[in-house]
Structure formats: C-alpha cells, structure tokens
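Same chain, two partners: chain A is paired with chain B first, then with chain C.
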Partner chain A sequence: MEKNIIEIKNLKVRYENIQALNNATLNVRKGECVTIVGANGAGKSSLLKAVMGFNKTDEGNIIFNNQNIENLPTYKRAALGISFVPEGARVFPKINVLGNLLLGAYKEKDKEKIIERLDYIYSLFPRLKEREKQLAGTLSGGERQMLAMARALMGKPLLLMMDEISLGLMPKLVDMVFEVVEELHKSGITILLSEQNAHKAAEVADRIYILELGKITKETDKEGLLNDPYIKKAYLGK
Partner chain B sequence: MGDYLTTLLITVGIYTILSLSLNIIVGYAGQISLGHAAFWAIGAYSFAVLTTKYSIPFVEAAFFSIVITTLVGIFLGLPSLRVSEDFLAITTIGINFIVQGIFNSFDYFGGAMGIGNIPFPTMHGDMISNNTFLFITYLLVALTIIISYIFKVSWAGLASFAIKDDELAADVSGISPVIFKLLSFAIGSALAGLAGILYASFMGFISANDFSFPVSVAILAMVMVGGEGTILGPIFGAFLLILLPEFFRPIHSYRMFLYGILLVLMMIYQPNGFFGKKGIVWSMIKKS
Partner chain C sequence: MLLQQIINGLTIGGIYALIAMGLALVYGILRIIHVAHAGVYVVGAYIGLYTFLITHSFVLAALASMAVGSLFGVAVQKFVYLPLLKHSPIISLIASIGVFIATQEGVRLIFGPYIKSFPSGIFDAQYHIGGIIITQSQLVVLVFSVLAISAIWFVTEKTKFGLALKAVSQDMDMAESVAIDSKKLMFLAFAFGSAFAGLAGLLVGSYFNSVYPAMGDVPAYKSLAIIVVGGMSNIWGAFWASIFIGVLETLSIGVFNIPLPRDSLAFIFMVFVLMFKPEGIMGLFKRN
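What follows is the complex of A and B.
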C-alpha cells in the first residue's frame, strides 16, 4: 500500500458559535483520488481551507508528507507541495493567461522546467494556449476554472486539492473538467476533491468520504457509494 | 534658466519621485496609502538632523536617511499585513498624523519652528548652482523610473501584481503576501526618503507642516490621475498637478476651485487615469 501523502486527525474548526468541523479524520495516499462528498454547509470547503491554512484549527493535526503543518502559513504549505483550486476559480483577472500560469510555478527557478510544465499544461488545456495573451478576467467561467486548475498544476504539486470544481458550470463543461481530473489521476497526481455532485465524485474517486455537519460519517469506494441505500437516497436522489 | 522656472521644475521632479514611489505601493502592490507624506518627511527630517545636529557629510547623511526611511517604511508597512482597503487607508492617514505630530512636537526635531540651515550640495567646496541641482534631481527621477521599471517587469513585480489582483489566489500559489507587501513599502519609502533629501536640501528649511495629510492626498491624486500601476501615469500626474495651479495663476482667486473641478471631472470620465486602461492619453499614443 502506498504511503499517506496527507493525514488529517480529529480536526476541529469553529466559526464563532458554529462548529464547522468536528473531529474530522481522513487520509489520502500517494496517487489516490479521494473525494469528500457532502451537502451545502457540511464543512467540505472548511476542511480544504483548514488544510491550506485559511481556517484556524482549534484542535487536531494535519500531517503532510510526514510533517505537521497546522501552524504553517498558507504560502509555506503551498511551497511544501500542496496546490489548491479554491471555489469559484480564483484567477488573477488583470494578468494574462501566461502570467497566471507562471505565477503557479513561482517557486521554480529553472526556466527549462517551467517551459516543460507549460507544454504539459497546454497539452491538457489547448484552449489556454490559444488564449495565452488574453487577460484572465476576460475568460469564460469554464476557461477560468481550467486556468485555476492549470495554475495549480504548474507548481507540480504533491497534493492537488480542488473545491467544488463543477460549481456554476454548464453540464458539458462539468464533463470536460472531470475528464481532466481523471487524466490527472491516471498520470499519478494525488488528488483531494470536495464535491456536491455525488455522481461525478463516483466517476473519478478511488475512495469517498461522506461529510455531514462537520463529521466524517462514512468512508466508502465507488461501488459502496452507488449501492449504499442511505447515500442513494440522500445524495443521488434515488 | 530663470529661478522661478528652475524652482518649479525641481518641485515637479521631487513630486515625480514621490508619485512613482507611491505607485510602487499603491499601483503595483495594491496597498492603498493616504500617508505617503510621512515617508517623505522621515527622509527630509533624517537628513536635516544628521547634517545640522551631527554634522555628518552630505552623501553619508543622504545614505543613512534612505536607510532610516526604508526601515521605518517596513515597520509602518506592517499594518498592511492585518488590514486592507479602507481600513488600511485610515491607518495610513493615522500614520501621517502621528509622524507629523512627532516632528511638530519634539524640540529634537525643531518643534513648530522646524529645522533650518540644511546644507545645499557642494562641489569642490562651492555650492552648486540651481541648474546643477535641477540636473541632479532629474538624474534621480531617471533612477526612480529605472527602479520602477525593473520592479514592474521582475518576478517580484508580477508577484506584487498578483497579490493586488487576488491575495488568496496568490497565497495558494506560494507567493508570500507578507514579503511582497513589505518589499513594496520598503522600495516605496526608500524612494520617498530620496525625495525628502532633495526637498530638505533644496529648501534649506523644513517644518512638519510641509508634510501634512493634504500633501499625501495630492501625491495619491497624481498617481490616480496619471494611472496607477503604469510608469508614465504618475510622471504625467506629477507634472499636471504641479503645473496646473501655476497655469491658473492669472485667475488665482479661482485656481484651486478650477483645479478641484478638474480632478472631479477626471475621476468621472477617466477613472483609470490618463495612462491607465482606456485612458485618453494612452489611447492617443497607441493610435499614433
């Protein structure tokens, strides 16, 4: 069995009087694609933000690549190899597509490696190559989502986290984005996704965690997700 | 060249350095500052104190004044790590008042009487002419332009633009907002300190009122009118806003009124500045 890239143990996050995460525990192994499925307000984004350092954790541990990271600032976590695609495709709107991508490889000083990564990104997202000189703020919603993912990949992450990547996209674009996720998974990138769309989660994930009211209530695989009567009723509408 | 014109052009040069230095903080790193005159004051007062109280030679005093202003600039840039936008604007106004208050109240800094007898540059024991001072001023303006350009096209400039555009996205890309915000304050305040040295040396006398809050507003107006984030914009803004009141001098009773109206119209019809996106001057240059 591959070793854990990230281990989250008994994580607690509180927003004033609201317990957003309550003893959340999960792990992602090298090369895995793991999805956190949950309804709105279940704590999916809070969990990913806590891993990235945007949410202060009250209790618990986040161990990334054998290192405790819960006290590190966000940019240092990114430098260790965690890339995060936040909800709503946060790109740099007044910087062109190429500039956005280069910023994703900010820590890399070797120009040849940067060019190699750019070629890889353009093979995954040919549309971005066509729009290389265009300001990111002028891209469509789907293109922005692709750019946000591409920028995260430019850092050659050990763990790629994506928060609700299908949110607000039309079905055709959702399919396209998940095809890319599948391709990334096949290429060996370790992925942690948060997703409301349980169908899509099942398509790409090796393992799925169900998050409810800040607690991990179930860990299952693709078949388990699709065959569990409770999950079918609650998340698949069957 | 007549004394009036030389003085006017030196003043424009000093304000050009000031507006370009503020542009690094506001235009590149997106940290709104309404207290830039404080850094100008720190440069001017450091130079005045070092030369008049401690008799430190001109060049050494200038060097130490820039170092002092840079260090204070980094320290005063710390609030930008905790507050942003309107809260940062108010904080920087507070900084301007505090700095002005200190220089105005402590006898060490001359108090309300200010500091006089600040040395003018000399060459071979003789004071240089005003025209030579003008030449030196514009050499330093050129240096400021070069520093602005290098910063703008560097990785650090791109990172600062990214923080200005979306701090969260920059943070997750591994770009430290702490480092680049403070870097922009360091460079911006160092250049403002340089402007302070020029001012103190040229005037020979400074008082705290020279560096009041309305001066900070005027410097910010130069950046915004010209076009924040550009290099030509703040230069144009400094020339325009210093020279306009002089052109209006024949109708001097109304000159500040007309100047105010122009600023309001400008912000309505050219919100990104003359050299910013869709700026009238920039569009004309591109067409030609």
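What follows is the complex of A and C.
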C-alpha cells in the first residue's frame, strides 16, 4: 500500500458560533483520488481551506508528507507541494492567462521546467493557449475553471485539492472538467476533491468520504457509494 | 508658449507620478489610504538636501533620499499598518494622518521651521531649444523622473516580483496559495514605493529650490485625487492621471489664464471623473 500523502486527524474548525468541522479525520495515499461528498454546508470547503491554511484550526493535526503543517502559513504549505483550486475558480482577473499560469509556478526557478509545464498544460487545455494574452477576468466561467486547475498544476503539486469544481458549470463543461480530473489521476497525481455531485464523485474517486455536519460519517469506495441505501437516498436521489 | 507650458506641465506631472504611483501600489496591496506617503516625501527632501550639501553630488543625494524614504516607509508599514490590519481601514487612515502630521512636526523640530535652499547657482543654467527654454533644474527633474518611471515600469511589468505584486493586490489568499509570501512582498512594495516618494521630495525641493516642513501638505491630498482619477490601485492609471493633471494645471494657469487656484484643478477633475467614469480613467472593472 502506498504511503499517506496527507493525514487529517480530529480536525476542528469553528466560525464564531458555528462548528464547521468537528473531529474530521481522513487520509489520502500517494496516487489516490479521494472525494469528500457532502451537502451544502457540511464543511467540505472548510476542510480544504483548513488544509491550505485559509482557515484557522482549533484542534487536530494535519500531517502532509510526514510533516505537521497546521501551524504553517499558506505560502509555506504551497511551497511544500499542496495546490488548491477553490470554489468559483478565483483566478487573478487583471492578469492575463499566461501570467496566471506563471504565478502557479512561482517557486520554480528553472525556466526549462516552466516551459515544459506550460506545454503540458496547453496539451490538457488547448483553449488556454488560444487565450494566452487575454485577461483572466474576461474568460467564460468554464475557461476560468480550466485556468484555475491549470494554475494549480503549474506548481507540480504532490497533492491537488479541488473544491466543487463542477459548481455553476454547464453539464457539457462538467463532463470535460471531470475528464481532465480522470486524466490527472491516471497520470499519478494525488487528488483530494470536494463535490456535491455524488455521481461525478463516484466516476473518478478511488475512495469517498461522506461529510455531514462537520464529521466524517462514512468511508467507502465507488461501489459502496452507489449501492449504499442511505447514500442513494441522501445523495443520489434514489 | 503652448509647447513651453506643456514641457513645464510634464515636469510637474512627472513628479506627481513618482508620488502617486507609490501610493497606488500601497493602496492596491493593503487597501489603505497611505497619507503618510507625503511624510516620506518630506523626509526624502530633507535627506536629499543635506546629502547634497555634504557631498555636492545630486546622484548621491537621490540615492540617499530613496534609501531613507524606503526605510521610513517600511517602518510605517511594520509598526503602524501591520498591527492595525485586523481593524477597519478607517483606523489605519486615521493612524496614517497622525504619522504624517507627526513626521512634519518632527522635521520642524529637527531642522527648524524655515525654508532651506540648495546652494545658489547650482541649477541656474538655461538651455534654448527652438523657442523653448528648459532650465537645468527642470532637466534634472525630467531626467530623474524618466529614469525612475522606467525603473517602475520594468519592475512592475517585466519581473516576477511585479507579477507577484499584481497577484497579491488582486487576491491575497490565492497569491499565498501559489507560494507567494505576501508579508515579505508587502514589505518590498513599501520599500519600493517609498523610495520614489523620497526621490520626488528631493526633485521638488531642487526644482522650486525650497525645502520646508509643510511641503508635504499639498502632495498629501493632491496625490489622493490623482489615484482616484487613475483608478485607485492602478499604478499606470496613476501615472497617466499625474501627467494629465500636471499639464492641465500648467495650461490652465499659463495659457488659458483660468482664474482658479492651481491646486483646486486636480479636485475639480477628480469630481468630473467620479461623475462620468467612477472606476477611474484606466479602471478596467467597475468598483463595487
């Protein structure tokens, strides 16, 4: 069995009176694609933001690549190899597509490697090559989502975290985005995904965690997700 | 006459640009109206003057103004703005006004309340080109402004640091998520922007041959009008607004004889811009 890239133990996050995460525990092994499925407000985004360092954690540990990171600032976590695609893409709107991509490889000093990564990104997302000089704020929603994913990949992450990447996209674009996720998974990138769309989660994930009211209530695999009567009723509408 | 006034306007506009571009840079990153930037300008003028009196080198005076301006700006950021970041921006604005007043009063206590001048005759030469007269002091201002603005252009548009500055000013969390150390970058941005405010102090001091404690009063509020016209955090908006306002002031007074106080024109233009293009002349996206 591959070693853990990330281990989250008994994580607690609180926003004033709301307990967003309550003893959340999960792990992702090298090369895996793990999805966190939960309803709106279950704490999926809070969990990913806590791993990235956007949210302060009250208790618990985050161990990334055998190192405790819960007290590190965000930029140091990113430098260790965690990339994050937030909900709503959040590209840098007044910087062009190429600039956004170069920012993704901010820590890389070797120009050859940056060019190699750009070539790889453009092979995954040819549309971005066409839009290279365009300001990111003028892209369509789908293109922005592609750019956010591409920017995260430019850092050559050890762990790629993506938050609700299908949210607000047309069905055709959702399929395209998940095809890319599948391709990334096949290429060996370790992925932690949060998703409301349980069907899509089942398509790409090796393992799935169900998050409810800030707690991990179930860990299952693809078949388990699709055959569990409770999950079918709660998340698949069957 | 018209061309002469345009040259005069460009000279003034270049100085405005050196102050306003730094202010826009700081606003873009911290979202703070950095009134104390004009205090950096005053300190830069005095440091430059005294360095010149000791060394007789304008280049050394310019470097000293920039270095001390940088240090002063960084000190304001570290000891005043950073501790106040968690509070409303109004608190930082009030603190900034306080720092500006304290700086002017500090300068008054140390150097005295009277106007200080550069030695007579150092920049008195005049150059006649066609029908235009360019004074040596004007030439010094133009050359240093062009060099400084070219340096700002190169750093902000052609370097990784410039790209990171833009990223931090647009979304600090996301900038950190691509491994940019935003605190270090803020520190560097203050150092960079303040260096040019210090230089502007020296240039104005030499151009008008007077350095005095209250010389920051007009730049303190006029540079705010300029960055509003330019689109607040847009440093190239601030540049074009500075040039435009510099030329507008000179033409209005020198050619069209408009009977208005020179320093009111920037504000009249600001009101005009806010009415018809509130995002500023180069604002790409409308402000919320």
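Convention: the second predicted complex is superposed on the first by the 238 of 238 C-alpha atoms of A that agree within 3 Å, B and C clash if a C-alpha of one lies under 4 Å from a C-alpha of the other, contacts with A are read in each partner's own complex, and residues count from 1 in each chain.
Note that in this section contacts are C-beta pairs under 8 Å (C-beta built on N, C-alpha and C of every residue); 3 or more make two chains touch, one makes a residue touch a chain.
If you're wondering where the values come from, they're calculated on a predicted model, not measured in any experiment.
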First (chain B), second (chain C), both or neither touched by A:Gly41: neither
Touching partner for A:Gly99 - first (chain B), second (chain C), both, neither: both
Touching partner for A:Pro126 - first (chain B), second (chain C), both, neither: neither
Touched partner set for A:Ala79, first chain B, second chain C, both or neither: both
Doubly contacted residues of chain A, that is, touched by chain B and again by chain C: 52, 54, 73-75, 78-79, 83-84, 86, 90, 92-95, 99, 102-104, 106-107, 151, 155
For the chain B and chain A complex, residues of the former touching the latter: 155, 158-159, 161-162, 164-166, 168-178
Parts of chain A lying in touch with chain C, wherever the complex brings them together: 52-54, 73-76, 78-79, 83-84, 86, 90, 92-95, 99, 102-104, 106-107, 135, 137, 151, 155
Contact footprint of chain A on chain C as seen in their complex: 160, 163-164, 166-167, 170-171, 173-182, 284-285
Residues of chain A defined as touching chain B within the complex: 52, 54, 73-75, 78-79, 83-84, 86, 90-95, 99, 102-104, 106-107, 148, 151-152, 155
